[in-house]
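Take a look at this one; I'll ask things after.
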Amino acid sequence: MLEARELEATRGSATLFRGIGFALRPGALLRVTGANGSGKTSLLRVLCGLAAPSAGEVRWNGTDVRALREDYWKQLAYVGHANALKDELTAAENLEIACALAGLDAAPARVQAAIARFGLAGRERLPVKLLSQGQRRRAALARLALSEALPLWILDEPFSALDADAVERVQSAAGEHLARGGMIVLTTHQEARIEARSATDINLGDGRTEARPSH
Amino acid sequence: MNWFKYSSPATFYPLAGKMAPWFFAAAALSAVPGLYISFFVAPTDFQQGESYRIIFIHVPAAWMSMFIYVVMAFWAGVGLAFNTRLSSMMASALAPTGALMTFIALWTGSLWGKPTWGAWWVWDARLTSELILLFLYFGFMALQAAIDDPRRADKAGAVLALLGVVNVPIIYFSVQWWNTLHQGASVSLTRSPTMAATMLAGMLIMALAFWMYSIAASLLRVRSIILERERAADWVREWREAAR
Amino acid sequence: MLAALRTVIRRDLLLAMRNKSDAANTLLFFVIVSSLFPLGVGPEPALLRTIAPGVVWVAALLASMLALARLFAADYADGTLEQLALAPQPLAAFVAAKILAHWLVSGLPLVLIAPLLGLQFDLSGTALLTLMASLLIGTPVLSLLGAVGAALTLGLRASGVLVPLIVLPLTVPVLVFGAGAVEAASSGLGAQAHLSLLGAFLLISAALSPWAAAVGIRIALE
Amino acid sequence: MLEARELEATRGSATLFRGIGFALRPGALLRVTGANGSGKTSLLRVLCGLAAPSAGEVRWNGTDVRALREDYWKQLAYVGHANALKDELTAAENLEIACALAGLDAAPARVQAAIARFGLAGRERLPVKLLSQGQRRRAALARLALSEALPLWILDEPFSALDADAVERVQSAAGEHLARGGMIVLTTHQEARIEARSATDINLGDGRTEARPSH
Amino acid sequence: MLAALRTVIRRDLLLAMRNKSDAANTLLFFVIVSSLFPLGVGPEPALLRTIAPGVVWVAALLASMLALARLFAADYADGTLEQLALAPQPLAAFVAAKILAHWLVSGLPLVLIAPLLGLQFDLSGTALLTLMASLLIGTPVLSLLGAVGAALTLGLRASGVLVPLIVLPLTVPVLVFGAGAVEAASSGLGAQAHLSLLGAFLLISAALSPWAAAVGIRIALE
């Protein structure tokens, strides 16, 4: 279970959000909404344990994630704004490596299936740098098809650059994950139609809390 | 004869395939007598003894190394200006042969340097500019290797080769001047003033052999470049099926 | 058109100011490299005086190359270069403006600090002056040649090492005559001839390099 | 008037599209649609004259744009996938410079108005690198508010990373441009509601023409 | 965990293979820089022999620095580093794996080609052997120290110049003892003492650098 208590984040002299709290149980979906610059990406990075909140804490099954570290990360799949793909390698090679690092099973057949599932069949032999913007995003998200074993998925704008078909594929993968008892936190500016037993929204407001440069 | 007919990779490919063996044969045919003259007929040098015989490999290689660079830049420039794919492929095919020649000139030169100057290497003007020429070849090849898109590789390589061709004479003369400004007599080549006629003949025949070899090797290499780049074209597919 | 060029120069200088360290770094690299030599070679003053012109010039060469490798990289990665290529002025003019700005930020400081390094190596007064003069004429040539290398390797992963590789051989004459001028001056001969040759290189490369670099950039963007 | 005739583009050994033709008159909107990887970005770069088509040509008022070069670019505003912002500079500084290069009037008051129009008021003093993904996209698009004088706008996925409010702002700017007789070519995977006298769609298919690596 | 490390090493080697030129370039840069010196300094063989150890070592230093500056840059820019930081293994282990891969690709070739350069400067047989030995022990130290510099400057625009700047001063002892070993060997003294000191540096930096670099990376990601 992922819990957040009284989270607060500041950038320079501006407070992005304050007093954010929630508890995310198996099978539940949390959607973080808010205007551009309201702090969604910052919140997700705090939830991952990449950044420290300026107040409050994030707990995984009752323990602070900044203390758990590797034990928490072992359970987590994070897809950020950036795709984390190596330009010179093909989508399949990228997937294999990403899985090996995350300790996931990356048998060739599974990798092939993941690639096909995200609609990249036919592009297997192209290095990623030759793919289009949307195809690259698909390759990054294909990692999710191999991450059934990781209970917590944190996705930052997964649908950006995707066409309708790809959005559909991601939504169904997410729905399956929730159905098997996974948890998902995501941000998106678009409509998301994901099958979920329980779905919560957190709105971070319009991001216009007084902002002054920090330097 | 319609020259433009052969500027298409599809028509040039079989032509190159037909010509290459002839040039290889010519290379072998001139190398045999050339080497025979060099090693058995030409007289022993009264100053350097037998070691001077390296000259029969060294000098033709040095000549070829410089000449090939100019030819390579020429084809690359033609490819850049007229967007003719075959000329760019020619340039890419010539580079390794040119680098090989440069390397042979350096290698034989330093083998020769040990008995004559007592050192493998000295910073003489000629040697230095030959070394820089090797770097220019390497730069060209490294740039092309680093670019995946063949069209971009051709054009970028062409710009570099042309820049290099402007520079080669500048480098040559600047190094010469640099050297003569400082250099005493320690590094002047000791050789007999007049060359024996047999020596000259041996050298010219060896030069011919190097020419023939370079042409043949480049033709073979251009064939494999054509195949690699055009492997999706219909004629390659047909050719492959026919070969099966 | 002049206004647009002034904008490019002003922008690059502004960026350099925001990143105060940038200009300082090239300079420090120059100083550190030329100070490493005495450490590697040993402290003999006579020996050091002999190798000084060569060492300082090689250090200048390396420092310029390092800074140059990424001359267009940032503009390429963030899409600005595309915008420059679509601007109503010829790309070669922008390239020339960028080279000028780059030289002001990273070449000129080298020229100004060089006498200090020369003093470290115990060079004479005329030698120091000649060192400055040769760097003043020579470093723009390095910037011009380096820009071509930077343009040709745009967007390649290995460009950091590729640029020195393809540019250094081309800069040999600059090095030879630059260091040669200083040596000539310190051994009492005139450095006039060396310096005029350097000047000729400057003219040639100023005429050719911006065009070659612009061609390289268009190739990379295609 | 922008015309395309029989355009074809190839990448490696794959043909992305073939036989694309249209004529875009003042006040008209052209929307390029198609799945991820169908060649939308490639088409837009051809229309800009950045890349050469493998067949066909693009004409501006009757002349090939590859021949017109600067004379064409003078009339064109292009916003690509990349934002073309300098991380170290503020949004206002970025705008000023972009306008000066394009030969547009960049009086401080106009720049301020453009920034406010795209909802970045209050962030003027932050260097762009501190802005959120969506705020950066807004800053890139703010250039359009200063480009009324340029008849042709070419926009690649302008709405990506934007929230609903920002999408609305871009749509209204586009609508005004068309109303004053401008022309717009854009790609987007989202719904676009732009007021236009004439609106055409071109569909590039699903991008699955045989793709084989080129090396 | 070992499997994950092997994956990192294999991936970096694979990337190096894809970009065949990458490794070759460091090497060529090394060769070119050490060949530039004679051009700056002049062709006197005796002089060249004296400065040879210093020159070769400085060239090795610069070549390693150049390649190192961007050790983590690509992984940072495309988000891979974030993923590594969120992996179930300690980050320092990944860093160590990356350094090892990097040294195999760019350090080892330097060691192997060095004797050729030594021949150019007319060094003796024992001196050549000592040169190789000192580089074999010394270049990993350079890679380790350079990695720390690369981590600390992650994401900074000027990192290409900053890394040499903060790392070069740290590498001074390596340079002094590395070049010193060769000089000792060529003047007939034993190089044993120098080499053991280099070995000590290697142990210390191998123990500390991966941790320091990992900390630097976490700071950059925060």
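Chains here go by letter, A, B, C, D and E, matching the order in which they are written, and residues are numbered from 1 within each.
Here is the rule we use: contacts are C-beta pairs under 8 Å (C-beta built on N, C-alpha and C of every residue); 3 or more make two chains touch, one makes a residue touch a chain.
Worth saying up front: this structure is predicted, and the values here are computed from it rather than measured.
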**Request:** Would you mind checking the shortest number of contact hops between subunit A and subunit C?
**Result:** 2
**Message:** What's the farthest chain from subunit E if centres are computed as the mean of the Cα atoms?
**Reply:** D
**Item:** Chain separated most widely from subunit B, comparing mean CA positions
**Value:** A
**Request:** Round to the nearest whole Å and give the separation of the Cα centres of subunit A and subunit B.
**Result:** 56
**Inter-centroid spacing, subunit D versus subunit C (mean Cα positions, whole Å)** = 37
**Message:** For subunit D versus subunit E, what separation do you get between their C-alpha means, in angstrom?
**Reply:** 45
**Asked** What whole-Å value do you get for the distance between subunit C and subunit E if each is reduced to the mean of its CA atoms?
**Response** 25
**Set of subunit E residues in contact with two or more other chains** = 19, 21, 25, 28, 32, 39, 42, 74, 157
**Asked** Counting only residues that touch at least 2 other chains, which ones in subunit D make the list?
**Response** 12, 81, 87-88, 127, 212
**subunit B, residues touching no fewer than two other chains** = 135, 138, 142, 146, 148, 175, 178
**Prompt:** Okay, in this complex, where on subunit E does subunit C touch?
**Reply:** 19, 21-22, 25-26, 28-29, 32-33, 36-37, 39-42, 47, 50-51, 53-55, 57-58, 61-62, 66-67, 69-70, 74, 157-158, 160-162, 164-165, 168-169, 172, 175-176, 179, 183
**Request:** Under the touch definition given earlier, write down the residues of subunit C that touch subunit B in their complex.
**Result:** 148, 152-153, 156-159, 162, 165-166, 168-170, 172-173, 176-177, 180, 184, 197, 201, 204, 208, 212, 215-216, 219-220, 222
**Request:** Note which residues of subunit D are touching subunit C in the complex, please.
**Result:** 48-52, 70-71, 73-74, 76, 78, 80-89, 93, 97-98, 100-103, 127
**Message:** List the residues on subunit E that touch subunit A in their complex, please.
**Reply:** 3-4, 7-8, 11, 14-15, 18-19, 74, 77-80, 82-90, 221-222
**Message:** Show me the residue ranges of subunit A that touch subunit D in the complex, using the header's touch definition.
**Reply:** 11-12, 34-37, 40-41, 81, 119, 122-123, 125-127, 130-135, 137-138, 157, 160-166, 189-190, 206-208, 210-214
